[in-house]
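So that we are looking at the same thing, I have put the structure below in structure tokens.
Labels run A, B, C and D following the written order; every chain starts at residue 1.
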């Protein structure tokens, strides 16, 4: 990153059902169409009405990777929001609220309280007026032309007709004008980026990456925070010719995906931890039958039902331990939204080549966050390699589905082709897929088949890029993270650099196969190694140690449901530099 | 051990449906009633008829831990058995077969071929005569009085009536007499132990251990090799007042067990890897609701359906990774049949004390093997400690199910009691079991509850005995194994000692909590460490490294479905001593 | 600590009201959600039956509707999505003195929990199953459920569902349920009566309740049902007659029936198990075997 | 390697016989097992319908009966215990040109697989489900199954089962299956005819077959069925009438009916999905999006 010259965060808080999404959306669109980068995080609950929802919209003229550490505008839709967050506002910030029903608290120095007389100014009795009025005011505070907002409102309410547009525009106008007359605006002008950006979530990136990879079959059972993938797929099914099915449960989902994959479809599904628990048996069966298929686990805070709307990196060992026995499968944890997208075609090529399941590990932060993206970074026509796939009938005799080849990879024929009739089986089988138990359970045949399958993975690591160290070689501390913490560690490293603390960063994306040797080599040069994880028990650290034997010097961990923001890591690094501690757990301030 | 002065192995081979179990049983009973020790292993297939079944019965006047390395009598019930095993017979051994339909092969020096003219000698056309006749002959070869055999036959066929008894006795007599007249018997006499022993399988030991611990609810869905636990429970349900249920699937099983446990029953279930995969979500829920319950995974060769009748230690990571998120649970791998029994009350006391699930990891070798046991070693009245359980109603106010105590343990009241009404939940909750999501998902409450639960396990390790090194302190090699390999490593160590090779042995039983420090301390004194595992990928080794960072010098692994026998380990140790190799995989000779 | 038996409470019983069954927190359901009516009816029926909170165990899965135990004053278990009936069966067998009431949604019970539904019905486990059937997945913000009608547009079926819905009433009858009724959250009085009957019924009782989701299902609203619902009782329906019961349950057009469709007497699972005969619930028994039991076990092994 | 379409085979079709559907290995079933008759009937019916091995996909779970695909010459998937219908649904949608025949046992299909059974029926997936119902768990050496009769003594119920059995026929009808029949492995000719009809039926077809386990179920033997079975066809049963169908299916005493109980025409799941309209099966399509598709996606995001 390098925080840009314009770096601004708006937060909107209220309860579920107060319509926080709409003002958020309207503002987001304005910024990205202007070519600015966006990173949003929505702190919400597993309820449809009530509770406390807090949406962060961070906008910047350079690329950003987190929703940041500071708030510039706080839009309070209810008293609760005012009470919880006012104390966090720093000098130079604004607090917008409906003066009719919200009492401001004691604001800190330099915090501008901006009461809106909503009832007085409103042309309508619509209970959502306060939202629109606040948006109008925020537009002024940011120094935006009202016209820009008007365009955005028009687009947003297009489908609801002119009357709704007019109503919203006039309410927003009232807020804007009131703000002009009463509040002091931002002293910077909002810059414009080189070209308009698009918006997506990590889930949409995963879905689109799948579509680009050629997914023809998607099945799901709804589960937060993975449901976004289903919604995107369902919406685009007909356009893209993808069969999308909602199934009775996750067991059905996983097995249906395997059935479709066996007939040649690139097939996938997404769920969260509890649903993935139900899929594990099927994952093992795909490995044994040597059918490629992709399973996504979007982690949320556990254990069990846990905190359905909160983030965590707590499913790593579940994914590693999915299903009984030893078997081959890829496990990958994308690091950014673009990486979510790019991972999919890469993973499908690998699972096709090595004929085994692939598992993607994402989390709520990455999957449900909404981010700007430059459309030209989205390659909808990636390289597709289906490996040794037989797709044409033949009259050759002697086809053996599980032929014991040098690489362990056996040419795979799709059902329906003449000349390749065969059975696949979850029981151990011989090269010709005859069950070992059918005659006599031959230990030598058994050993041969285990080794055949395992051989596939002897070389798979070569198809995967080893992780690379980012930052100065002679850093005081090396931070290691995996998956979604990439962004926050990256930003923390830059902040620390600005503060004169040299830290570097090793981000791990591929879990299986694991580049243990490369990692050991890199870390052997580090002065001090600290692992950053969004879990209580340090699942990644323990896994890394299982594969490398490496011990480290300290940990930064968080398991309260809220994601890391950069200063948590910054504080952690400083704490580790100041004294020898084992584990730093940052205090979650924003919402008490 | 120390192989006793009498150490004799009889093997019976044939196909499924040829009635191998009966002669095996008759012989086994004779020996144990004589007070001799017994260890049997049955190599069979997942079919009801056909295939190749091979039953080993090893008898010894001292305690034994495996079915051993050698065969003394081979009873061939079909040609296949003759063809497969004759070459393995060593000098001083006997090969019994029905000369009417089995052709002997080329026997090695000192191997006595003992053809039985079954049709000629038989008073009956019963197709099972050859079995009984072979038993008669074997009795003579072992120098047993015919009367001993007659008693055993009488007992065995008691329920089928006098005619069946008479028929069997006369066929056996014919075999005995023929043997006396034609074959040279064993030059030792079969000794007699101090008092009669009983016979059980590992599954029966687990079931009985559960019953002794006070299990009141047992549910299951049949799955080999765990079904023996269900059969024992069903058989004894009414005698012991245990509710035994066969359920629609393993998900139902696990959840039903949790429901029963919540009402105060000690409750358990057993399955194999595929069934356990389906139970994992429930295991996590028990941890979150803080309900004690015991789940047994009897491992078989995987992945997936795998080799249902073969053994392996391949589910360790599945068990470690069972369910999403971080949570507290015990994981224990008993080492011997008696240990299976004793583990159950110990584990139930722990799960009651710490209010969390417990998982037992056994395997086919241990669970389905049949072993002698001295009845006085079975303590059916073990110490029972239910921890902080409230079982009497009260009118006290302010009960909180998840009270944040110093130990993390919150007193647990059973439903039905007046004064303690509460709800348990799989969603994250506060001390009073209110869902965090119900109001506002408070990160500080969340963190507090994670830490409360985790605190329980800060001290749990103290309740568990650390592993101890067996054998000479200055050994050339330390062998580490876990669970069921205890026996075979123990015997291998003794054989090596006899051969002048000093090896010691660290057997690990408790997986979670893990005595990492104690193990590190012990191994720090070892010259060379070799891990013995019945899995392809070295699941235990990788787990041990994850917990300790320890690397080792070599491995002995097996994954062909057949268990280790002592000389596999002996060969492995010698190979490791001879040259630096990473992993020794023994050749499975017996059945090619 | 040894297990001791709970004190059977001998205090004079003060009659309870529905308010006494109010839970610790207020429901977080959307204003207008049908589930309020269901909760209300359940509170009333328990009060009217003279039950006391500690005698009741509510068991739920996950979903908006499955949050009910948190809003109800009794022992409760808020378990996994789809698993309430399995947990409840275990709990009922573990303590057969408890009144076990299972509450949940259509997705929870007929979707992911479908297999337990079939088999719990077949086994005639003595519990009451209250399904808040809103024909949608509420908590996950609106996808089809197994009872969604053909053509219904949801987030997972933006072009309309192509699957025929499951009929919980006819399925339950054919799977062996012994008490099968349908209610409507908009008619709390009628629902209360059904619940009282269901709780008193010995065996597996199902009440499938139209409990509209005002936020995500705009097809099957309160108004939709109000104008269509007829009560079976008003027509003199014979609850022994499974054929007419199924026929009437299949109607989902201008007329939709509520009421008790079918009832029969049959042995319950617990009732058939001699292990439960010594009246002390299994979960409250003192642990430890006696000499005679031990002897029998060891003898078998010799 | 790019995905290419399979050559549609234009060679003259040589009529096949049942022998051509013999698999690589001989069944390892016990002598006398009912499953032999089922395999035999399936081989005959495929031959008589003029199907060719590569056009068929058999899908099974785990159990004695589920070993069938290994003994049958066609494409096959021997999947997980209880999951055959889910896998088969995926396979059918992935390549809707395949004739998908699912084979398995009563435990596999009605026990652990019960939820998929319910929902596959409801969705009317176009496949044929052949259940070898021996009222026992055979492969695990004899425990009760969901169709075991009350009182049956097995290894898991040494004192007799206390659970009412599930009736697959009435359940299937109520869950929405569009072809519901019952066969008997001892009458291969009759079974062959039923299978031919089932395979030709468009939609979900169930044939529940009494296929006695000679080793573990001594209650429901060949002789037991032989003396009780009557064929519906012989009585002029109306297959449109679900009520009589259920009524007759419930009989399990002196008379036990086999034959086609119920049939109706309804849109299949695949048939309702426009995505399958371009006749090329999804699994054989060339991968990669076109410009127009891409454009629409990106535009949505701006």
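Going forward, a contact is a pair of C-beta atoms (placed from the backbone, for glycine too) under 8 Å apart; a residue touches a chain by one contact, two chains touch by 3 or more.
The structure displayed is predicted, hence computed values, not measured ones.
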item: Farthest chain (mean CA position) relative to chain D; value: A
item: Chain pair with the higher count of C-beta pairs in contact (A-D, A-C); value: A-D
item: Chain C and chain D: spacing of chain centres that average the CA atoms, whole Å; value: 32
item: CA centroid of chain A to CA centroid of chain C, Å; value: 37
item: Distance from the mean Cα position of chain B to that of chain A, given in whole angstrom; value: 43
item: Averaged-CA centre spacing for the pair chain D and chain A, given as whole angstrom; value: 41
item: Touching two or more other chains - residues of chain D; value: 28, 62, 80, 112, 114-115, 118-119, 146, 159, 273-274
item: Junction residues of chain A - those touching two or more other chains; value: 46-47, 50-51, 237-238, 248-249, 251, 274, 281, 285, 289, 304-305, 425-427, 435, 438-439
item: Chain D residues within the chain A interface of the complex; value: 1-7, 9, 23-25, 28, 52-55, 57-59, 62, 67, 69-70, 73-80, 83, 86-95, 97-98, 115-116, 118-119, 273-276, 278, 281-285, 287-289, 293-294, 296-298, 301-302
item: Touch list for chain A against partner chain D, complex; value: 33, 196, 198-200, 204, 208, 211-214, 216-217, 219, 236-243, 245, 247-249, 251-267, 281-282, 285, 289, 373, 375, 378, 380-381, 384-389, 391-393, 414-427, 432-435, 438-439
item: Residue numbers on chain C that touch chain D, as the complex places them; value: 112, 114-115, 118-119, 122-124, 146, 159, 162-167, 170-171, 173-176, 243, 246-247, 266-267, 269, 272-274
item: Complex interface listing, chain A residues touching chain B; value: 43, 45-47, 50-52, 80, 251, 272-274, 276-278, 280-281, 284-285, 287-289, 297, 299, 301-310, 312, 314-315, 317-327, 425-428, 435-444, 446-447, 450, 454, 535-537, 539, 542-543, 545-547, 549-551, 559-562, 585, 588, 591-592
item: Residue ranges of chain A touching chain C (in the complex, touch as defined); value: 17, 46-51, 220-224, 227, 230-231, 234-235, 237-238, 244, 246, 248-250, 274, 304-305
